[in-house]
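The letters A, B, C, D and E name the chains in turn, as written, and every chain counts its residues from 1.
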Amino acid sequence: MTAVLIVALVTGALLFGIGLYGALSQTNLVMIMMGVELILAGALVNLVAFWRFLHPHVYAGQMFVLIIMTVMALEMAVGFGIAVARFRSRGSVEMEEARDLNG
Amino acid sequence: MISGARAYTDNGVRRWLARAMARDLGTLVVPGLEIARLHGLDVGAAGLRSVASPRHASVLLVVGALPPALCQAAAVLYAQMMRPRIVLALGDEPLSPLPSADIRLGLSQRELLEGVRQLRVLLADGAFQTTAIDFEPAILSTRTEYTCPMHADVIRDEPGTCPRCGMTLIPREAQHDDHTGMDHAAMGHGQPEHKESTDHAHAEAHVRPESTDEDHAGMDHAAMSHGQPEHKDSAEHAHADKQHGDDHSDDHGQMNHDDMDMDFMSMVEVTRDLPRGSDGLQMDWLEVPFGPLFPGLPGGLTLTLTLDGDNVARAQASAPVGIEQARLTEPDEVATFVERISQTDRLAPLAYRLLVYRALENAANAVLDANSIRGRVGALERERICSHLGWLAQFGQQIGFGWLARRAAVLQLAARNADVRKLQQLRPQLVALTQRLQRTPLLKQRLRGIGVLMDDGGLRGPVARAAGAYDDLRLQEPAYQDLNFETVVRPHGDALERLRIRLAELTNSAMLIDAVGVIDASSTFAHMEAFHHLSGSGQASIETPRGAASLQMTLDQGRVISARLDTPSTRHLPRVASLIEQCELGDALTAVASLDLSPWEVMQ
Amino acid sequence: MKHPTMTTSDNGIVLLILSLACVGVVAGLYGFARAIGRTRPEPGKDVPASAGQMSRDPVWVRYHARYLGYALLFLAFDMEMAFMYPWAVVYKQEGVVALLDMGVFLGILFLGLLYGWSQGALRRQ
Amino acid sequence: MILAQSLLVGFFGAAAVAFGVWVFRTSSMMRSALALLFSQTALGAMFLAMQTEFLGVLQIMMMATEMSIMAIFMVMFMMDPGGLGEMDMSHQKRLAIAAALVATTLSIAVVILVDWGKPTAVPPGAAQQVRELGTELLGRSMMLFETAGVTILTAMIAATAIAVDGRPYGKQKPAAAAMNQQHKPPLDEEAQS
Amino acid sequence: MTVFLALVSMLLYIYVIAVIEASLRTGRVNAALPLFAALALLGRESIVPRKCDRIFFETAPILLLLSALLAAAVLPLAPGLMITDLATGALFINAALAYVLVALLMAGWGPDGAYALIGGWRFLGQLLAYSMLIVMPITAVAMRASSLLTTDIVTSQAELWNIVYQPLGFVLFFIAAMALAFLPPFDLPTAQGELAGGVEAEYSGVRLAVFRFGRLALITALAAATTVLYLGGWYGPWLPAWAWSTLKLLGVASAMLVAGHYLPRIREAQLLAWAWKFGIPLALLNIFLVGVLVLVLS
């Protein structure tokens, strides 16, 4: 069982790493959000693994997973809202240009 | 045996598959189902399944003669069909650049049935053959050119990088210079910069009528940058500075344009010149052809829509199959002229034949007896019924209303050659159809407020009457006045009103035929000799199913030396562009279909 | 209350096998079709069909989705489902408390919907 | 059984990671968005393999629609959504890779070094999980659940307020567009028909 | 063995539904037509458009078929006659059917053709309309059954079918199911008269066969879901359980197919507006009504 737990946690760590890379390296707001989604997905795996293997009778763990999923969705809703507004006013959602144009 | 067979030996399994293929005949009808119905062809009853995409078809059914533009379009469709594919041509006309027809028969339902029978035999036996010939006409050959994915106006013959943004140019095909009359060829070779800039400026002005000074600056800028791609950098920087009052953007821009291999490109610059959609977002626009052989529109009508998402940002409508003014004015014998006019509009041949005869009779000051006049009224009204039913069938297909498409087609085929008694029997069915449509859920919501055209004197026929105009030549004709004819007029001018006008006219025309009691036009056409040495000029107009058409002609010793024809679709076609701009795609197509345009009668 | 005789992983494995079998069958069909014959390359054949004209340009462009107002509301509103299923299962057992709890929750969400409606999110943009 | 479970968990985990990597390695935005979608789906399948059935199915369901919506926003706002120009859309790559490597190494080290104790072999049954989660939702975590509701409300309001042009209908559009949308002919309509 | 039986009956249903669809189109009943059509497609060429996204283009038909099959896998035809009885079956149906959208987006984007592209994005808009109306009525059904197991949902209807218990939910679910299966009048992504086939336009030969088969499987799965969730599954007098399931399933499928024949295609803007302004409030009302009923009756 420990092996499964460690596989799951390593998956979570890898997803976190990929997400972090994406969030830092991408220039576009929407792509950055994809990175953030991956980071949150990493957190999700860890939470599920912890609940399943360590505290299967504490359902606050599952509740926490639901909350993370909600956060993922809301992050997208608000993020896209910002993207639409930015694009409407600037014609771009590139972060570098956000810096330049805000000046 | 079949030119579109697959090149494989015909072993056991393939033979079985070929037999199955002979039972499932997906068909593309060229120029369209509406033309097939006008010739009394019931494609469905013959066992052919009409499909929308050439990928799903194995039979190309050619009905009658094809103008050159449609021949080419049909060749493109044929090239996109999957093998085994087969051409069934009804009528004795040349098809080039299509391969010669695998089966060629006359233009009647009986021969269509025979054709389908032969076709099944041919497919079952010859779907797989040891050899096959490639179909490669000149219009399909291409050359490769290179374009920047962000700047559509940058086009080079060699691979490389974009001079404006430094991105790798991507290959795309372009048609060879063979002036096919299609827009793409022109786009690739002509002066795309100028076309683009004017179009953009126009679009911007249209989309944002309350444009401010800044917007005008933007338009000028767009024109400038597109017109002179090599020298645009300085202008663009100056503009950027003015707009944002920001030193950074200048530095940034310098970096962009001086170093060709920069690692970052500015999206602001890419999007700035683009026109804004109605919600202020600047998206890429996509030019999509709908026609000349689009399943939801009459064959020959070509819409080129520039789509902003699924909104129509700009539209161009043309009818490459229309009447050429040059051919009309060509001096000719009366007899051939009559044939030419009455064959040009394939959707209302009788009305145009009557029109020419009236003009001739007016020129000769001939007087018709009352019986002939009544016979003509009957024939004209029967054609109106058929035309409206044909429109209903096509409209039903376009709005995805399967029942309507079938029911109207069945009625049209029944009414096509019906005599007075037969039409009397059909009348309850016409009334039932009308009532059924009035009760259909979703239909009102689908059509109300779509394609609003208000009357300004330029509309004709049902389209004008749906917009509240008493535009009906029949009101002035004594023959109709004797019958106490009253025309139907409705106020709002949208697609729903046009539907209602045509439905009301179906029953009205049936009642008129009932009142005149005779349908007979052909006997009044017999005396062609009377015009053989006629000189002078004649003018006539007639209320065709689509509205008033008029003809003015001058004759000299039995030869037509000049003629001027005015047709309703010629007046309606230019309205299409402004009618559907900023409409959703489906609404736009519904609006166009509701006009009942006949591409054949459009004057070029 | 009946309980499934199979555990989650058994079920999952059945579904996995079903999926693989389905992909296998489809691959078999493709193989069969290929054995019948290859597609003959001809000019113009592989160009996307567009009503009798040759469309040459790529259409992968920035697409203007007019329903973005709905999409934004949907993203948020959709999350309610995550909470409603477990709630529905224990609804009978919990009774009025459950009704009230979910009533408040959905009421709050419905306010958001009303706000979006009033601001014009519920229409083509 | 445990071996099969670890294999499945490992397989789906690897799939999730592979799709995750693909997200940033393709220049087609559509591929990128759907790679993220399938990464999340693989995670859902992994949850199923870990016998967390409700959460797994929920993940598979939610992410399919959410990531598809993400796809349309990607296509709306990225310069070259088809990836035809093979454009590189990244910056400070070295820093990003370094940060990601450090973070991943650290977390994996923690995962391996920490003593996780004796993991539970058999979790509660799937149906029971849903019931218990429901009870939790209406009991101890009730406030959390209602707070989530308020958060969703906030997000809805925020997203609408920023993104949607709130002017009354027809003001922000040319007349033709307004007419197209909700044109209602005058009321004498019914009287005439 | 039951798995095998369930699969075979699925295939039979799909075939019968194909026959119904074909006879609606041609106006004549011909039981062999779908077989010929399928064989003909196998024998034709199947093309991959140039410069397409090959992965998407190839995956889409398979994914469509797969999602329909997986959704059908958790639906019982008779006690025990199902592929697998998942503890979260009612949720799993939604999860599997969500991938219909993914398949259509792929089919739309893949071939790089304008009609397909517009069709694909249109279906995303359609999802925004129907999705809630699938999920919320199912929640109300789960409330009555106190379980997400599809067999429990059927047994909860032993005395009173859900169509009587929650008619509002049934109506919403039925309409939304038609929209999910992009049947007329909701055939926006494949509209013939508007998009010349839309997402289907570039598929040919064996790929089109798989796509069409997936579409039929989707209709079957949705008809089965309607039967299980609202029409009391296998319950009914005199006839054996599987016969009742079969009758109800085919009845629902025919109703879906016939309805579209007599209606014009809906406009996307109106579909979205009605779904959000009337559909979702009604779905919430349905949940509330069922909630009150459940409390009163227990």
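Convention: a contact is a pair of C-beta atoms (placed from the backbone, for glycine too) under 8 Å apart; a residue touches a chain by one contact, two chains touch by 3 or more.
Remember, it's a predicted structure, so these values are computed and weren't measured experimentally.
Asks: Touching both chain A and chain E, which chains are there?
Replies: The shared contacts of chain A and chain E, listed by label, come to B, C, D.
Asks: Using C-alpha centres only, name the chain that sits farthest from chain C.
Replies: Using the mean of the C-alpha atoms as each chain's centre, the farthest one from chain C is B.
Asks: Looking at CA centres, what chain is most distant from chain D?
Replies: Relative to chain D, the chain with the farthest C-alpha centre is B.
Asks: Report which interface contains more C-beta contacts, comparing A-B against C-D.
Replies: Pair with more contacting C-beta pairs, A-B versus C-D: C-D.
Asks: What is the distance, in whole Å, between the centres of chain B and chain D, each centre taken as the mean of its C-alpha atoms?
Replies: Here chain B and chain D have centroids separated by 44 Å.
Asks: Quick one: chain A and chain D, Cα centre-to-centre, how many Å?
Replies: Computed value for the inter-centroid distance: 8 Å.
Asks: With chain centres defined as C-alpha means, what is the inter-centre distance between chain B and chain C in Å?
Replies: One centre to the other, that is 37 Å.
Asks: Which whole number of Å gives the spacing of the CA centres of chain C and chain E?
Replies: 12
Asks: Give the residues of chain C that touch two or more other chains, as numbers and ranges in rising order.
Replies: In chain C, 4, 8, 36-37, 39-40, 45, 47, 49-51, 55, 58-66, 68, 71-79, 81-83, 85, 88-91, 93, 98, 113, 123-125 touch at least two other chains.
Asks: Can you tell me which residues of chain E touch two or more of the remaining chains?
Replies: Each of 42-43, 45-47, 86-88, 91, 109, 112, 114-115, 121, 124, 131, 147-149, 196-197, 201-202, 205, 268-269 in chain E touches at least two other chains.
Asks: Which residues of chain B are in contact with two or more other chains?
Replies: 6, 14, 17, 53, 55, 82-83, 149, 170, 264, 267, 278-281, 283, 286, 288, 294-295, 309-310, 584, 587
Asks: Can you list every touching chain pair?
Replies: A-B, A-C, A-D, B-C, B-D, B-E, C-D, C-E, D-E
Asks: Of all residues in chain C, which touch chain E in the complex?
Replies: Interface residues on chain C, with respect to chain E: 1-2, 4-6, 8, 10-11, 14-15, 18-19, 22-23, 26, 29-30, 32-33, 36-37, 39-40, 45-51, 55, 58-60, 63, 65-67, 70-71, 73-74, 77-78, 81, 84-85, 88-93, 95-96, 98-99, 102-103, 106, 110, 113, 117, 122-124.
Asks: Using the touch rule from the top, collect the residues of chain D that touch chain E in their complex.
Replies: 28, 30-31, 34, 37, 44, 53-54, 57-58, 60-61, 64-65, 68-69, 71-72, 82, 125-127, 130, 181
Asks: Would you tell me which residues of chain E are touching chain C in their complex?
Replies: Answer in residue numbers: 3, 42-43, 45-51, 61-62, 65-66, 69-70, 73, 83-88, 90-91, 109, 111-117, 121, 124-125, 128-129, 131-132, 135-136, 139-140, 142-143, 146-149, 151-152, 155, 196-197, 201-202, 205-207, 209-210, 268-269, 272-273, 276-277, 280-281, 284, 287-288, 291-292, 294-295, 298.
Asks: Under the stated contact criterion, what part of chain E meets chain B in this complex?
Replies: On the chain E side, the touching residues are 24-27, 32-33, 35-40, 42-47, 114-115, 118, 121-122, 184-185, 187-188, 191-194, 196-197, 200-205, 208, 260-270.
Asks: Quick one: which bits of chain A touch chain D in the complex? Just the residue numbers, please.
Replies: Residue positions touching the partner: 1-22, 24-31, 33-35, 37-38, 41, 44-45, 48-49, 51-54, 56-57, 59-60, 62-63, 65-67, 69-70, 72-74, 76-78, 80-85, 87-88, 93, 96.
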